[in-house]
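Chain lettering (A, B, C and D) follows the sequence in which the chains are written, and residue indices restart at 1 in each chain.
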Amino acid sequence: MTEGASTQAEQLRLRERLAKLRELPLLRGVGVSGEMARLKRQLERMAVEPSADDVWHSVELARHQDRPYTLDYVERICDDFVELHGDRALADDPAIVAGLGRMDGRTVVLVGHQKGRDIRERTHRNFGMTYPEGYRKAMRAFELADRHGFPVLTLVDTPGAYPGVTAEQHGQGGWIARCQLAMARLGVPSVACVIGEGGSGGAVAIALADRVLMQENAIYSVISPEGCAAILWRDAGEAKKAAAAFKPDAVHCLELGVVDGIVPEPEGGAHADHDGAAALLAESLGAALADVEPIAPDERRRLRRGKFRAMGMYLE
Amino acid sequence: MTEGASTQAEQLRLRERLAKLRELPLLRGVGVSGEMARLKRQLERMAVEPSADDVWHSVELARHQDRPYTLDYVERICDDFVELHGDRALADDPAIVAGLGRMDGRTVVLVGHQKGRDIRERTHRNFGMTYPEGYRKAMRAFELADRHGFPVLTLVDTPGAYPGVTAEQHGQGGWIARCQLAMARLGVPSVACVIGEGGSGGAVAIALADRVLMQENAIYSVISPEGCAAILWRDAGEAKKAAAAFKPDAVHCLELGVVDGIVPEPEGGAHADHDGAAALLAESLGAALADVEPIAPDERRRLRRGKFRAMGMYLE
Amino acid sequence: MEGRIDVTVENRAAERPEGDGKRHPNTCPGCHSHYRDDELEPTLRVCPQCGHHFPVRARDRIAQLADRGTFAEEDAGLRSADPLAFFDLRAYTERLAEAEVATGLGDALIAGAASIERRPCELAVMDFAFMGGSMGSTVGEKFARACDRAGGRGVPLVCVTASGGARMQEGILSLMQLPKTVCAVDELHEARCAFISIMSHPTTAGVLASFASLGDVIVSEPGALLAFTGPRVVQQTTREKLPDDFGLAESNARFGHVDAIVPRAELRPYVGRLLAMFSRAA
Amino acid sequence: MEGRIDVTVENRAAERPEGDGKRHPNTCPGCHSHYRDDELEPTLRVCPQCGHHFPVRARDRIAQLADRGTFAEEDAGLRSADPLAFFDLRAYTERLAEAEVATGLGDALIAGAASIERRPCELAVMDFAFMGGSMGSTVGEKFARACDRAGGRGVPLVCVTASGGARMQEGILSLMQLPKTVCAVDELHEARCAFISIMSHPTTAGVLASFASLGDVIVSEPGALLAFTGPRVVQQTTREKLPDDFGLAESNARFGHVDAIVPRAELRPYVGRLLAMFSRAA
């Protein structure tokens, strides 16, 4: 790949453009990892509008059956992890994992969606699709974090909240809303990272954080490509076309100000190297946390709200 | 009834003894009602240790089928009342009523157990025996009160929390504990009144208040007389004997420092005159509220905890 | 991935308020009576035969709820942008223009100061006729500003929702209206102002999963569909047998999700009583 | 009142940990093996055949959990009063004296400073052998003081419960130990100290309905009965068909009420890990 002066200039322009869009430090994690080659590759990718193929590649990698899931990262990132179970009311939702973790010599509360690797676990984990009980478990963990001053880390990886009869009857919509509100109210710092599929309401329920990161090949979207295609193209087979239109890839999410930084993945994608992916994720989470920890709790909460209040584009 | 000098002296002694037991104003509501005759009658009753018959009379009146229930009081005490429904998770428990009420030109949050008058309503209200969902509804109302600075009033009238399979599975014990904790944390002032049966954990769940009152013929107890008799006397028929032994009547509860004041009832008991009973209750609730409202929230919370922390008798 | 189940906060054409769209909007789905517009106006668009609640357009709703002449609209000039240059079978900009022409509205939510039963409040009302009441950046921003104004004036916010969900043509930015409006409600809470959420038919997906569920008091109209995922999608994706009243207000009440189901004719005095409860002067 | 259903926070003779009391305490209810005390000691009183967890006396539990020699008991002199001069078939004072002689304990809870896996904590342990582990004023006061000491020293509180409920011989004062211990936990929260609640068999009624359920983390031993109302009373009063695992730890875990079921042999390292999580130095 040639790197002429014009590309350099383009990258610079892009960086400036992104920096203007958001007044937050860019590409947290990328710089920290210190790999100039990777930074270049990523900037190149960003300099050019990702093509429909690029976007679809992200969709495929985000859903790759070998992609690391929350617990794969937890066991690599944490020195110790004690999982907490149950919503104290009705159930323990296996599609969400919550617990206390030791990272860099301190305790954090970690919450994440959990998919299953084999058929049996997939079924058990309900493909990472949460019930209201899962959000209540998450909220209980958030409360614990707030009481003890533990930072909150969330890992987002779900096709979406489960669209079943019982889930609806137990208040799926309401608990997605209340889970967000609980995160908005947190006195402690919080960092979310989309590590695979950031599917709609089920994803954003645990992603209202001080910093929201996204892995290079993760997707974050209001609807699945298939769902979008089925509605707008009246043909679920047009998923690739739909994905290209609504742009769920990390670069576009960064450009739109939805995420604060992109977490690099090892060559070929996170599925190719779980350890490498975990190391890069840990670096990025740590850096993002270090970024928001010095801020006073009330001010941090104000900034957090301000950040989400600023999202969207409209004409006045 | 003769009122010789010795009885007078006895009453005085009793008052002093009670005042020492608790450093709270005594007999709130009695004085306010301004009826010297009733005050005398009550003091007389208190001067003499209530007999087994007196205690059993309370048990019978507390359970009297015509005794006013929470909603009977609400419609007489409140200028307007908007009931709130549901725990936002699973159900609306009809054994607990919660809502916003207008009283003396201001808004309060009112929570109370609700029994039914006829067979159909009794079944619907589950005889005033709550499920965990009922305590969650109460907690939601407490939260609303705290957010908006509304004082909390609770009316206690239950045989106890429902001892059923589903109730257990949904965490009966845990929610009784958490409901108490929610009341302990309240920033707003709170007053509870036992208006009928203060049955065990189901009752105390909503009775952790700044001031706890008890109607003259209400009972407040750790176990039903029948239950106690069945265990200790191995004969549920010995209920009267058991009641005399564990003393669930208002006078004993006041003497033991468990309640802060006794709310007088009309001649013959609350069931004989709902309007009269409501007027006396409203006066007492208002006076108790006025007593705790001027205290700063943090200090009030500290005092509330201190009050309950002081309960119990042991040898050191 | 095999057996993918599609889940979404998006509005679906399938979940239109009056079924498949073949029925005339003034033909009652409950009893099949047919009405002229002027016949339904005096009944607040409630079927005189069977009590079915027909949808109400935003301006009509305001006329039904607010004291005459008190509604002062704000942010009327706000319009949706097209951040993704979204084009499916048609361009998003084209759909927007068409919706504006058809409804006379700038987007799916109107907001402004009002008084209801002589109590001042901020009033925000959604209109399903504008692209299925879908929530994009403009709806989110207008709702958030309504929270700010309520907080600033120290009055309650009353909001009537009617929405198929997030507006997928704005992609991820439409999803971000969930946390955005949640944050706005949190700020309203901090200002100690009440939020009365009135869910009308249908209140679903992204709107149900954000501000609509955060009311201090949540009220619904009879028969309204209140569901994160609508019955058709649930049925299609899970093959479960659906209860007859799946997702309806009555089912939501039974499961503890709404404080009251209030028939339209009683809504105004009911809200008036609530505003009195939350009045600061009192 | 007709059809009265009896509900209570009281311990019932019927709900003894080892059934009807006819079985020898060292005969395993799971596999009917019989053991001498010295056979069960090395296994921490867990049946080597089937894994059944026999009850553990308070001092044995402390020996199992705390680092050797670190437990420093406090409030050992506290004794129950007899506020009601309670007399049923026998006097309460007589029952107390008998329990003290039989168990060598002042009441049903022991508390004091300790360290577990070299982490300092406050440790409170209940003993079912003392009047069914029932909670009267002394148990309530000792638990509350343990909260205070934990808060004062800035260390977590670890509490092992085993209780049939409130002690009815103290009447309403025993019920008041519920709000009292709840307030004590609230103060512990305010001091930002952790509370690790370990529920052993049985943790029921008033203890479950107060402090035991308020742990930051709630752990149970396998097979423990954790119920507000025990199976026999539920069966008698409601005539419902009870599930086989009614009220057991495993059922509680399924319904989301406990964070983990930890076999006794793993309890000490598990608590050690939790203490590390909540350690302030870290």
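The rule is short, and it goes like this: contacts are C-beta pairs under 8 Å (C-beta built on N, C-alpha and C of every residue); 3 or more make two chains touch, one makes a residue touch a chain.
The structure presented is a predicted model; accordingly, all values stated were derived computationally and were not measured.
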Set of chains adjacent to chain B and to chain D: A
Most remote chain, CA-based centroid, reference being chain B: A
Chain centre separation (chain B, chain C; CA means) in Å: 42
Inter-centroid spacing, chain B versus chain A (mean Cα positions, whole Å): 50
Chain A-chain C separation of Cα centroids, rounded to whole Å: 29
Chain B, residues touching no fewer than two other chains: 88-90, 170-171, 174, 178
Where chain C touches two or more other chains at once, by residue number: 255-257
Listing of all chain pairs that touch each other, if any do: A-B, A-C, A-D, B-C, B-D
Residues on chain A engaged by chain B in the complex (per definition of touch): 88-90, 132, 136, 170-171, 174-175, 178
Residue numbers on chain C that touch chain A, as the complex places them: 1, 3-10, 12-13, 77-81, 83-84, 86-89, 136-138, 140-141, 144, 166, 168-180, 182-187, 204-206, 208-214, 226-229, 233-234, 237-238, 240-243, 246-247, 251, 255-257
Contact footprint of chain D on chain A as seen in their complex: 80, 82-92, 100, 102, 105-107, 133, 137, 144, 147-149
Residues of chain B defined as touching chain D within the complex: 63, 65, 127, 129, 159-165, 167-174, 176-178, 180-181, 184-185, 199-205, 207-208, 220-224, 226-228, 230-233, 242, 245-248, 252-253, 256, 258, 304-305, 308-309, 311-316
Contacting residues of chain D [partner chain A, same complex]: 189, 192, 194, 216-217, 253-260, 270, 273-274, 276-279, 282
